[in-house]
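One chain, chain A, appears in both complexes that follow, with chain B as partner in the first and chain C in the second.
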Partner chain A sequence: MLLQQIVNGITIGSLYSLVALGLTMVYGIMRVLDIANAGAYTLGAYLGVWAYTRTHSIIIALLAGVGGAAITGYLFQRAVYTPIKKVADPIVPLVASIGLFIVMEDLFRLIAGPYTITFPVHLPLNRLTLGSVIITGTQAVILLVSAFLFLLLWILLNKTKIGLAWQATAQDVETAMAMGINTRSVVAFAFILGYAFAALAGILVAIHYNAVFPTMGDIPSYKMLAIVVLGGLGNPLGAVVASMVVGLAEALVAGYIGSFLPTDAIAFLALIILLLVRPQGLFASGGDAR
Partner chain B sequence: MAPLLEIQNLEVCYGKARVVKGVSLQVSRGDCLAIVGANGAGKTSILRAVMGLVPAAGGRIILNGVDLTGRPAWERVTGGAGYVPEGRRVFPALSVEKNLLAGAYRVADQKKVHHSLARVYEIFPRLQERQRQPASTLSGGEQQMLAIGRALMAGPQLLIIDEVSMGLAPVVVNQAFQLIDRLHHEGLTVLLVEQNARKALQVAEWGYLLENGKIILSGRATDLRGHPDFVGAYFGRNVQVK
Partner chain C sequence: MKTLKFGLLMISLLVIALLASACGNGAGNTQSGAAKTIKIGFFAPETGPEAADGTSAYNSAKLAVEQINAGGGINGAKLELVNYDDQLDTKQAVSIAQKLTTRDGVAAVVSGSYSGPTRAAAPIFQQAKIPMISAYAVHPAIPRTGNYIFQQSFSGVVEGAAAAEVAKNELHAKNVAILAIDNDFGHTLVQGFKQRAAQTGLKVQEPNWFHFGDTEFTPVLTKIKDNGADVLFMPAYAAEGSQIIRRIHDMGLKIQPLGTEGLDSTTQFLEVAGKNANGLVIVTNLNRDSKEQVVKDFIKAYKEKYGHEPDMVGASTYDAFYVLAEAMRKSGVTPDKIRDGIANTKNFQAVTGKIEGYDKIGQVIKPVQVQQVKDGAFRYFGEITDPAIITPPVN
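After this line comes the complex of A and B, so read on.
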């Protein structure tokens, strides 16, 4: 029972991590809480199911969802966030991001309809039974894909020039510019990566629950805020750890205590407790990707 | 021969406040030039405009024959400028070595990067001892070494240094100026801005005295040191220094 709940919790935590990473990377570099990142989660799912129903190829579905969302992230950054950030108070980009998120949800509703559509992918993985623990094929894919992406992101941030540029820019954008770092490209990189990760999470969740609907980004939009604050705003490692903490807490509470409060409230309960004990979050904010 | 850096009628404004008012100067290859003046005279604003960190409200900035006015900051590094900002501004959570590598961001040739790293470690052995430490754990003097080392990593033709003495102990200030003197004598062109005018004019060949955003005096550093306007700019016009 305990091991099963831990596997379930890590699976949920992995999905949260993918969305939270995007949000925290964008915050780290731009100091903008981009709520529209949760729109990329839904966009990825819709583009994925659209491509899948036409090609029956999960690879093409992933490419369409992730690629479409990454392009959207780049366009939002260039057309909305960067111009606004130059002239307005820090609160204005946050308001703009909420506006973009609402527009995206309404567009999904208008284009795809207000109902739930299925994402009937049959993954070529059988159910895995390890003693009393059962890992479904979808869970295995989520765990493997997430582990691969976390490793890839760690290498990207710590072993490559663009990762060094991201860390430097997150810590001091002006000095980074004076060192010759093209901070415009670094900001674009953060948005592209952030939206791509969110889209991937959206596709995996849509496959996991066999459902895509216009408001599926609602819960991630606010739960991710709690997670990135828990992990220390702008800290990718903190976002992953906080996602796992919340995922495990949700699974363990659901498994052992039952529904004494809505599952989605657990992230906020954890946030309130942590802020009382450790106001800076689990980790320090910004830039340090170790 | 064209100057390495040419500033023509530079104007810098913060909102409605004009802090640099039509400053022109040239830095030739091999020169060591100091801009001195009291706090708030506009010295740092000139350097920030040269580095593209604040927009020039008027005038032109020409580096290595290329007009960089209005161009983004990172193009200055490609153009041959290395920058040591006021207050060091090291990347606090990055290790010493990663700070140095950030300074070589524009250098594509890894052999050159390794060569620069070895040279910086030769100049500052302390940085090599602490290469894995986060920069935030260094002392003020060590952070200043790191800031200078980081600026040297791109192999600049022009080293731009803003207030190297700020917040440092006198013995460390002396070491910093000795280092600037050494780098200059090894052939590096240096433009420094400094409140500690006496020290700056000891290492510089040329000096510019800035007051209220305007150059009020310029010439050989040795001539400037004894000039009455030089004393007046710091202590007021009616003060007599005995």
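After this line comes the complex of A and C, so read on.
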């Protein structure tokens, strides 16, 4: 059963890391904990399912969800975060992001209704049995898609000009500016990428659970904070590792101990323990660990 | 500065939108009626995490009031719905109960909410001596608040016992695993199930609990698989229940799932679970294949008005209003007389089964429906009428 639970845990961790990556990329640049990123997760799912039911094309669904969320990210950054950041201390953008998130959730409910909408994409993979371990079709899809997206992000951040500029800006804004990096476009890039990632995660999760509903971003909105802090704020690799740690912890607790505390509390418990032994997080903040 | 102004404008617009939406669903949505009206208070989780159930309940409340008024009201007087959104928040429910009892002047109240908010609000209605019918909350403490509080849905203990009976006699279970939600609803149902199973010698494993909002059930199902069981009793709501059913199918688990009224929703459960739900058996209070005219009429009217299938939450809320109307017609329209009228209800044919009456605590006595999912729809599977099971415990 241990091996099976490890597979289960890594699958859960993969889903978490897709959501956490968007949040951590925005934090890395803006030093803003953007709760509204969880709204982009829901927005992606809604736009995706809207496009899918009209076209029955998963590609168009992905484009609609990711594109819509990326535009939203850009607009939020230009209209809300950058202006506020100039005049107010860091807590104000956080409060604004909570406001944006609540507004988004209510708009989803008002526009799409309170009922769950299904996202009936048939996944092409069947159950795999490897000895005593079963990898279900959806687990396999999640693992493959996440691995692909991690690779894509790694290439984007390490092999492209804008990605390297992101890393430089995340480490030190002033030096990056002094070196001639256009930090304005880097900030925009971070929001676009961060929201696009959240939307991708939202669509994948919505297909996995066959469900899109207005409050689907509730749990990610706070749970991802624990994961992002656990991994070192603004550190994408750290966010992935922390997601895996939390996913594994949840699977092992559910499998061996049972429910002695709410599932979502496990992430925060892990965070408290880690902060006691390693106050800087699993990895240091920003781009330092790379 | 230009961007700052634009940003502030955006924020203010969004805040206005939010406030407008909050007001639209919030306090004091009274519908003005004719000169002579009887106000009925109502609250349900119309926004927040269970907005779907809250909306079903509120829609059904509106439908019931509309139909009762169209049929001549209560001896000529129209009903007026005083609606509140409790957001599934016990603190909200308390302040709503205070408003309803002190400001709104309602003659009776229907709770279209879950056990938590309903339990919190009940003592305030009891103290104000305004009768309340809890439409579908199952916690046994609710009717025990006092003689003005009635439970329209059968107690979770009864429903759990009925499920144990189905497991033993219909599903021929040898070894039952339990996967239940860790709240009032889950604990009450598990308690009823275990009590009845102990009486009839059915083997039940230690329950596995999950939490509201959990989405990943593969780990716990892996554990259940390793412990070997032939039936899985799963008191869960639609959101979690549909994921459990999907994962059972994904993992190829050979186990017969047995659900409760928590899964009794076409939009929230059946559509999400899809074909994986076929074969699932649930205990509930709504028999969609019933030959009774009230059931057919309700299903038809609801579908016509709202464009989707009604669920058990809606049917139960609808019934609560009809029980109230019946009590008012027979007994009178002051709170005390309505209370007496509800207490004296006898053999009343409602959508959710024939109400034999209410016991001295205020718990309903009615048969438990057993439904099975066939081709993506809930169909008749059986009915439990044994008084030993459907009579709620009074101590």
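Going forward, the second predicted complex is superposed on the first by the 288 of 290 C-alpha atoms of A that agree within 3 Å, B and C clash if a C-alpha of one lies under 4 Å from a C-alpha of the other, contacts with A are read in each partner's own complex, and residues count from 1 in each chain.
Everything that follows uses one rule, which is that a residue touches a chain if its C-beta (ideal position, glycine included) is under 8 Å from a C-beta of that chain, and two chains touch if they have at least 3 such contacts.
Note that the structure is predicted; figures quoted are calculated from it, not measured.
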Chain B versus chain C as contact partner of A:Lys161, first or second or both or neither: first
Contacts of A:Leu282 with chain B and chain C, given as first, second, both or neither: neither
First (chain B), second (chain C), both or neither touched by A:Ile60: neither
Winner by number of chain A residues touched, once chain B and chain C are compared: C
First (chain B), second (chain C), both or neither touched by A:Ala112: neither
Partner chain(s) touched by A:Arg78 [first = chain B, second = chain C, both, neither]: second
Intersection of the chain A residues that touch chain B with those that touch chain C: none
Touch list for chain B against partner chain A, complex: 51-53, 72-74, 76-78, 83, 85, 89, 91-94, 98, 101-103, 105-106, 150, 154
Partner chain A, residues of chain C touching it in the complex: 3-4, 6-8, 10-11, 14-15, 17-18, 21-22, 46-49, 51-52, 54-55, 182, 208-211, 213-216, 218-220, 222-223, 226, 238-239, 242-243, 246-247, 250-252, 267-268, 271-274, 308
Complex contacts: residues of chain A adjacent to chain B: 161, 164-165, 167-168, 171-172, 174-184, 284, 286-288, 290
List of chain A residues in touch with chain C within their complex: 1, 4-5, 8-9, 11-12, 78-80, 82-84, 86-87, 96, 99-100, 102-103, 106-107, 109-110, 113-116, 118, 120, 127, 134, 136-139, 209-211, 213-215, 218-219, 250-252, 254-256, 258-259, 262-264
